[in-house]
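Following this line, the structures themselves.
Each of the next two complexes has chain A plus one more chain, namely chain B in the first and chain C in the second.
Let's turn to the complex of A and B:
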């Protein structure tokens, strides 16, 4: 993390302090619930007085090999690496988790949950997610699942979730979502940039672990600092580098391969369309502070890649990507597909064709955590950046 | 050495392109829009040394030295360690520039080199409009064909002519280099005619290339570059799969990357 911004340093320090803080809270009887998934409302965990921690690591091929002893090699490397994380049990947040929750948006995540329960004897929670978010029956089903999930959380924490606590947690998370969106706006619009997309991505991942009240306060301070610096003109030179929007499979904490390659080639990542980035923070409008309000809002938001959208003409993922490109003035999209992340990989060609109608350059990078393809990815990424540069120089529509 | 007029691209000065591939390293020297020197050698274990040496060889062949060069571009996998070059560009860009300068009608390029193969779409201005590369698989590369040649105990340059003599196309179920080699040995043991097996291998690779090409689309004219383009059997197999004429650039197809790098050096070095 670049420490030019004082509040980035503070966030980094808070992350370093966090394992010790959690130990102290656990001694006072507070429970920790790790979670992995896409459609799992963290608001409810928080309202139950449980410490939520989003788990999962990427980028480590050694963990993939360890995880592959427990889960099929035809699961994506993020799932296998995270299985390895549980097997190795050296990650502080895995160690401190009294239980782990999984939702069934991605069936590979669900399998990971089963493996976690069976091999690693973790207390597990599963939240059922409908396969088609758009129907009234799906909303009803998801509400019932949330009610069941809530009962299990209350049993786990020994504390009933009061309606005022739920309302307070929803309010807190709404503010966090707004702050994250505001940060991303800076990455997309400020040129010269005060904060880079890569720094914001680190801030998002810091939020996986920090106390959510403290996190919001840090986000607000960071936003304030960015605005002060920008307004005072205390920024670097404007960048003319090719502006890249990153989309596709999860790029989990620790997985810096593609990001390092793109930035090393003077590509300028300015936005993302990732479930490990901005996507969980957009399109959520909780209209009433109840489980029904949460259920409806989560069914209405941007669809995760693993969920089918049967009415293809209204698939908001494609339109969201197109809008994100326009909004951020990106010159092109690099679509990151992890091997065996089939729901993302299968979408690649459709995304490409959809964007080609908008004359938006698109490159798919299909990879895993092994380092053997670094040079091949570098060549593809560099050629893509060259292609976009030549087209810009030629005055072609990007 | 033939001299080629590259049309409107006629920068003053002498420019070089160096293409450091996994199997061979190539260099092309250009002056006044014409190729005045070139060289090819096997890539050693030190790519930088190979690049330096091939450039020296190309310059020696026309009694010049590196100080005579106005601008040099390195490409290929060894470009990341090329201190002798002023700049670098990817082989995708360079193959496109190289093929287009001799063949402005090129809209699709199939490039098959030592360790990768790619399909490149070219726009009317000679810029890359889309591309795809093979993904962690040696099928359709020079390395793959070397392994197959070794299994048949023949020279690499004999594979194409042998495949053209095949009267039947033996189905090959795998284009994985290791499994294909095993399959070839099994087929030979079963008494299949080597020419028919080779025809099957070339066909299997061509089908794989067609699968890649599907993702970027194909438009005429289709050109075939890279060292494997010297294999007439592969050209024929590609034509069979694409149902189109596959054209070979009007200059050594193995030198297209180095040529494109020299063309680009001319553009960049002369400020065009």
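Let's turn to the complex of A and C:
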């Protein structure tokens, strides 16, 4: 992290303190709910007085191997690594989770939930998610699922969710979403930025674990500090490095392979279209502080990659990516597809064609957590960055 | 180079027996006489599809060889001529709709459509060139698979990959309309991939709610989904589907499922297996209806009579060893090579996915959409995995299986994910050996050694 930003250091320290804090809260009877998914409104968990923790780690091939003993080698490496995380049970947040919630947006996540329940005897919660977000019956079904999920959370916490608590949690999460978006704006628009995308990515991941009130306060302080530094002109020289937008499969905490390669090649990641990055924070507009309001907002949001949306012209995911490239002045897109992440891998060709129409350079990197493909990825990334650099120097005429 | 192994042929001395059986009558009233069927299976078929008469052990699609099992010959006739019939029906205005799996066929047939599986593009393109021997057909199939993967991804299962042939080949497909469920990971994303490309085929889904927390809510959701699916299929075929039409289709398919259940019960209880593994695949007739449920029901009735006679007379299925290892197959839409299993001393007694559909008995009075939704919502195969495994363990016991093979396709995320869990539960509940086998060669004719070695070793262990 950029130690010039004192609030980054504070966030780092808060993350280090967090396991101990959770232990103390648990001693006072508070429950911890780990969760993995794409369409799981954390607001409800928070409103139930439960500590939410977003679980899952990437980048560790050893965990992939352990997880493969319980789930299949045909599952995506993130799923396998997370199964390994449960099997090993050494991750502090897995250990501290009194239960784990899974949604069915990505059905591999659903299968992970089933395996977790059976082999690791975790208390599990499942939230059904429709596969066609736009239909009225899908909204109705999702609302029913949320109501059931809420009832189960209330049983779990022993506390009924009051409407004012739900409204307060929604307000809190709205503010967090706005703060994250503001951070990303700095990385995408400022050149040079006071805070880099890489640092923001770390801040987003810190939010998986921290107390959400404290997290919001830290985000606000960080944004304030960035504004101050920018206003004071405490920034370096403008960078001419190739500006990359990262898209595709999740790049979970711990998975630094591709990011390290790109930055090592002097590539400048300035934005992302990742569910482990900005995506969960955009496009959510909760118009009423009720479960219905949450259900509608989550059905209207940016489509998660695992949703099989059949109409390209209304796929807000594609259009969001195109807009993000333009808004961030990205020079190219690197599309990260994890092995057996079908929801992303199957769309690789379409994505390439779609961006090609927009004259946006595109490179797909298909990879897993093993280190054996590092040099192959480096060669391909280097060639791409060189190609984009020449194109940029030629004013986009190549 | 021509195939070195002598091809299979039906002996002429069976012909008189076969001619005594009933002609096949199709939904549109077309009658195919036993004489016509015999001629096809002995003259036209071998000339058009030489590879289908190959008897190499590695060939997974060969004929059963049980020349005295006359219903089996008819089923072979139906499967060898199905592309001809689909072409004829299509030319007469019936839309071809690609689906996946066996969740429900009623909306498709009630709307006057023909539902076919994802490999249909391959089958259609493969049969355009006739007279191919085993090697030629195999190479052509491989080339189609390669073309499909180039247009999709190398990580697609071999079966679903063929959907991508639709992107660049003009094929007689009016829509892709699968049920999205846990049965298949790749169908949803394969269908999405078809939304772009030079050729676009209309697509819509039936969304199967996988979470079982909300019983009645799921039924309501499915009911609306089935209603919308039926309306969209009706729009494709130009038909307005009334409640009466859907109820009539439910009754027809209920009848097919009932006969399959009766056949299977009888088969499982028989002292010795009355048919070999290939001829035991009549369950297909109940789930896919041979693209014509009228003829499928007629043939199932003949199956029932003939299996009953065989059991009464203590007949052992052709090519089976005297006490074969009975294998129950679980997993994704794939099964091991029946001819190979029989040859190695085993026999297939059942398959969980199709059998799950066969357990469906849809209520025949009242709101047909609700009735169908209620039945579909209770599919054992789609239940939470622990419940599904408990159900499967009961079927394994009922079928008197000696062992269980959970087989899944390479690239199948959802079934492979729970293969270990299901086999562990079955082992615990039944005390029987169970093995997981990943199959990489699906729809290829060659390169089957890896999976066959594993199947053979498992059979040897059971024996």
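Keep in mind that, in the parts below, the second predicted complex is superposed on the first by the 396 of 398 C-alpha atoms of A that agree within 3 Å, B and C clash if a C-alpha of one lies under 4 Å from a C-alpha of the other, contacts with A are read in each partner's own complex, and residues count from 1 in each chain.
By definition in this document, contacts are C-beta pairs under 8 Å (C-beta built on N, C-alpha and C of every residue); 3 or more make two chains touch, one makes a residue touch a chain.
As the structure is a prediction and not an experimental result, all values here were calculated from the model.
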Determine, for the superposed arrangement built on chain A, whether chain B and chain C clash or fit.
fit
State whether A:387 touches chain B only (first), chain C only (second), both chains, or neither.
first
Does chain B (first) or chain C (second) touch A:376, or do both, or does neither?
first
Taking the superposition on A as described, I'd like to know which of chain B and chain C A:349 touches: first, second, both or neither.
both
Apex chain A angle, CA centroids, chain B to chain C, rounded to a multiple of 10 degrees, is 70
Of chain B and chain C, which one touches more residues of chain A?
C
Considering only touches as defined above, state whether A:131 meets chain B (first), chain C (second), both or neither.
second
Would you check which partner chain A:54 touches, where first means chain B only, second means chain C only, and both and neither mean what they say?
neither
Where does A:114 make contact in the superposed view: on chain B (first), on chain C (second), on both, or on neither?
second
CA minimum distance (chain B, chain C), superposed complexes, angstrom:
5
Once the two structures are fitted together, what part of chain A is touched by chain B and by chain C alike?
349
In the complex, chain A residues that touch chain B
349, 352, 366, 372-373, 375-376, 378-380, 382-383, 386-387, 390-391, 394, 396
Chain C residues touching chain A - in the complex, by the definition given at the top:
151-153, 155-156, 180, 182, 185-186, 188-193, 195-196, 203-205, 207, 209-211, 213-214, 217-218, 220-221, 224-225, 228, 384-386, 408, 410-414, 416-421, 425, 438
With touch defined as at the start, can you tell me which chain B residues reach chain A in the complex?
77, 80, 89-93, 116, 123, 125, 127-131, 133, 135-136, 215
Touching residues (chain side chain A, partner chain C) in the complex
69-76, 79, 104, 107-108, 110-112, 114-115, 117-119, 126-128, 130-132, 135, 137-138, 140-141, 144-145, 148-149, 152, 308-312, 339-340, 342-343, 345-350, 353-354
